[in-house]
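Both complexes shown next keep subunit A, but they swap its partner, so subunit B is in the first and subunit C is in the second.
And now, the complex of A and B:
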């Protein structure tokens, strides 16, 4: 599963993984904002942005091919709109839709592949994103794995009972959804009681506070300056 | 419906990101006040449930299937403010982990699906839920998908993404089918949950005594979305009359926001956006003023 693999990548060790999540977030936003404001037909700028993202992947020692192919998930949607724009006589916009959406997906994939989601959410909290939203996202991500697996088990069980590759009927799917809901709801109740018993005070304690070093500062400044430089030259 | 980065122009995503951030901040405060701290795990788990529920395919014939989107179901289960926060968290995780929707387009996506979608889904349940739960759920789920889709299409069109009339109508037809499917799945899911836990379902969906208000609210939500997409650039009746009257009919009064444009601001889009926001704010303040006056007279 996609998120399982991304989670595994984010737990690796590399120079890029060791950087402060807040700095990586700032660099990500700088790269995407610079590319989003670049005029559509500037292919040279697109190549420079791509090179910057690729340098990040190499620094993070992540598998380039896997990242390139996973980022391509955005392409069917973008390609549809690009084809419509190309047929409508706007090839510059059509190409921009493709490269900008792909570059953004690739950069975001790089960010989450070298930053555990808990650290990324903590960086967002530091940026004054409401703590309630951060808490919900943390619980959501934690139980996404558990409940998704349960849904897959239910689907497999239904297929086994049907004696082949038959999928659910409409009523069967509704019943499966209701069972999943009731199980999730009762699980949430159990979690609530367990969290209260452990003294949960509306905030997840961090095992280690984020440390901002001078290397983080240099990396952040260099990344933002590079993005701004390419944008200005374009 | 998840808009990726690179589709919207900078003024559109910047404005909608700002509006999305402000809405998240306001609704987080409201949800904090409404939801007991010990129920926060429930919100997260319900978000995970909606994610997982999207893996369950509902066969709809001709070898195709659909899945739940979940905005209306979440609004029915958790109430609008909490549901909007859960949907925002879902969209953020989708953008970060699954690259489904852009980072700069997160504000627009949150406004389309987490706010407009959830609130459009909640309105029928709020106003009609007590009388006919099935119809209210169906209408809510239908509206939830349609309003989100129409807002997304409008934002793309404002950004200059070309969509010939044929492609636009095909998209609308596909969205309408998805919306109908969402309605059927939501009703089927709640009915099935009701069979497992009847008391739980009965305790949801208040039902109010103002169907006229419900119709007005729903029409306003629908028109606000559709109107942007299909707003005509041609002059209306009064403007046509002024044009015919010639110079005598013009410049009797120089409106500060003429042509829905704030002249002081640089770009055309910025001017229109600023005029729109000012106009909405002005109408809001007027409505509050009239309401307070009416209450004090009572």
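And now, the complex of A and C:
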């Protein structure tokens, strides 16, 4: 399960993990903004941005190969639009669409892999992102676990009764999916009750106050300066 | 003596029209442990969910002298600690420690204070050392114990335990009974586990189709309704 692995990665200890989430968020925004506004066909700039993100992965001591392959999940979507541009006779824009979307996905993945969700959302809150959006993001993330757990239970039950013969017709899959969502809804309602019973008032409590150190300041400034530098030179 | 919980003429129907509670009146006194017995679907859990406003029907409920109303929900939920039937629903945070800290943090404690309370509670249920583990990696019995710790960490005045022994092996069940017996809080125990009920409860009420049809000492109720495993 992707989200479980990312959750586990986010709780590791490294130089990168120790940085203030707000600074990491600022660096992420700088990298995405710089790459998004870089003119197409500037491959050298793309390589520099990639190198910056890769340096982040190494500093976070995360598995590079796993991160690279997971970020590729975005490619089928962006490739569709890239193909349209290619067919319209603009191959430079098509390739830029691919590398920019891949780099953005890779950077976001790096951010969530070295920042526990609670800290990341706290950083968004600090940036004045509406609290309703943050709450929805928190619940979406929490319920991912609920849905995947339900899916696993159903898969096991189906395997036990299928005797090795899986008949995954469209109708069967649709029925299983509908049952999965109904069961997840019921489970999610139970979780809501349990949260309310323990005093949940619409905001996940912070586990620790964010601590901004001079190292965070230096890291943030260096990351933003590097992104801006590459962008200006492109 | 003033009851810590007083419910009067409680009535509730689910959306599909099922009448789950039909005029239930109940009182719980400080320090006592009352068992709610009855068949599956007789209204025990529905009744328990009314006590801290998770479900709302008609009738009156008073908890520690406070009338159950929207304004009183936060203090009432601090007074009543609820261990749910399904531990998976109760454990929603990424790690065991964070989950147990969830209640104390919502009560306004600092992370350090909440962490200390959570560690003590985990120790009490024999789960010390598993703080960093993800709840979904625990066995069913361990999940149960963490769920109990999550409630103990809030130090409530009343404990409501819905099938607390499900998935527990006999030694863990015994440990839980010993722990609960030591706790001074008033308790409501919903269980089909008669040895456990006998070890803890001083009084039992029997639910049938959303009504309390009998009330008395545990042995008397068990015998009257044949609520024991006798082959």
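Just so we're on the same page, the second predicted complex is superposed on the first by the 180 of 234 C-alpha atoms of A that agree within 3 Å, B and C clash if a C-alpha of one lies under 4 Å from a C-alpha of the other, contacts with A are read in each partner's own complex, and residues count from 1 in each chain.
The working rule: a residue touches a chain if its C-beta (ideal position, glycine included) is under 8 Å from a C-beta of that chain, and two chains touch if they have at least 3 such contacts.
Just so we're clear, the structure is a prediction, and the values are computed from it rather than from any experiment.
**Q** Quick one: is A:105 in contact with subunit B, with subunit C, with both, or with neither? Answer first, second, both or neither.
**A** After superposing on A, A:105 lies in contact with subunit B but is clear of subunit C.
**Q** Could you tell me if A:117 is touching subunit B, subunit C, both of them or neither one (first, second, both, neither)?
**A** In the superposed model, A:117 contacts both subunit B and subunit C.
**Q** Thinking of the overlay built on chain A, is A:135 touched by subunit B (first), by subunit C (second), by both, or by neither?
**A** In the superposition, A:135 touches subunit B alone.
**Q** Looking at the overlay, does A:45 come into contact with subunit B only (first), subunit C only (second), both, or neither?
**A** neither
**Q** Should A:187 be classified as contacting the first partner (subunit B), the second (subunit C), both, or neither?
**A** both
**Q** Quick one: classify A:195 as touching subunit B (first), subunit C (second), both or neither.
**A** A:195 sits against subunit B and subunit C alike.
**Q** Considering only touches as defined above, state whether A:227 meets subunit B (first), subunit C (second), both or neither.
**A** A:227: touches no partner chain.
**Q** Contact-wise, after the overlay, does A:30 reach subunit B, subunit C, both or neither (first, second, both, neither)?
**A** Once the two structures are laid over each other on A, A:30 reaches no partner at all.
**Q** With both structures fitted on chain A, tell me whether subunit B or subunit C touches more of subunit A's residues.
**A** Subunit A has more residues touched by B than by the other partner.
**Q** Under the contact definition given at the top, report the residues of subunit A touching subunit B in one complex and subunit C in the other.
**A** 117, 142, 187, 191, 195-196
**Q** Sort out for me which residues of subunit A touch subunit C in the complex.
**A** Touch list, subunit A to subunit C: 4, 7-8, 11, 116-117, 142, 145, 149, 187, 190-191, 193-201, 205-209.
**Q** Any idea which subunit B residues touch subunit A in the complex?
**A** Interface residues on the subunit B side: 4-7, 10, 13, 24-25, 28-29, 31-32, 37-49, 51-53, 55-60, 65, 68, 85-86, 88-90, 92-93, 95-100, 102-104, 156, 160-164, 167, 185, 188-189, 191-193, 195-197.
**Q** Enumerate the contact residues on subunit C facing subunit A in the complex.
**A** Checking each residue of subunit C against subunit A gives 49, 52, 54, 74, 77-78, 80, 82, 84, 86, 88-90, 92, 94-95, 98, 101-103, 105-107, 111, 114, 132, 134, 136, 150-151, 154.
**Q** Spell out the part of subunit A that touches subunit B in their complex, as residue ranges.
**A** Answer in residue numbers: 2-3, 6, 28-29, 32-33, 35-37, 70-71, 73-74, 77-78, 81, 84-85, 88-90, 93, 96-97, 99-101, 103-105, 108-109, 111-112, 117, 120, 129-130, 132-133, 135-144, 146-148, 150-152, 154-155, 167-171, 173-182, 184-185, 187-189, 191-192, 195-196, 202.
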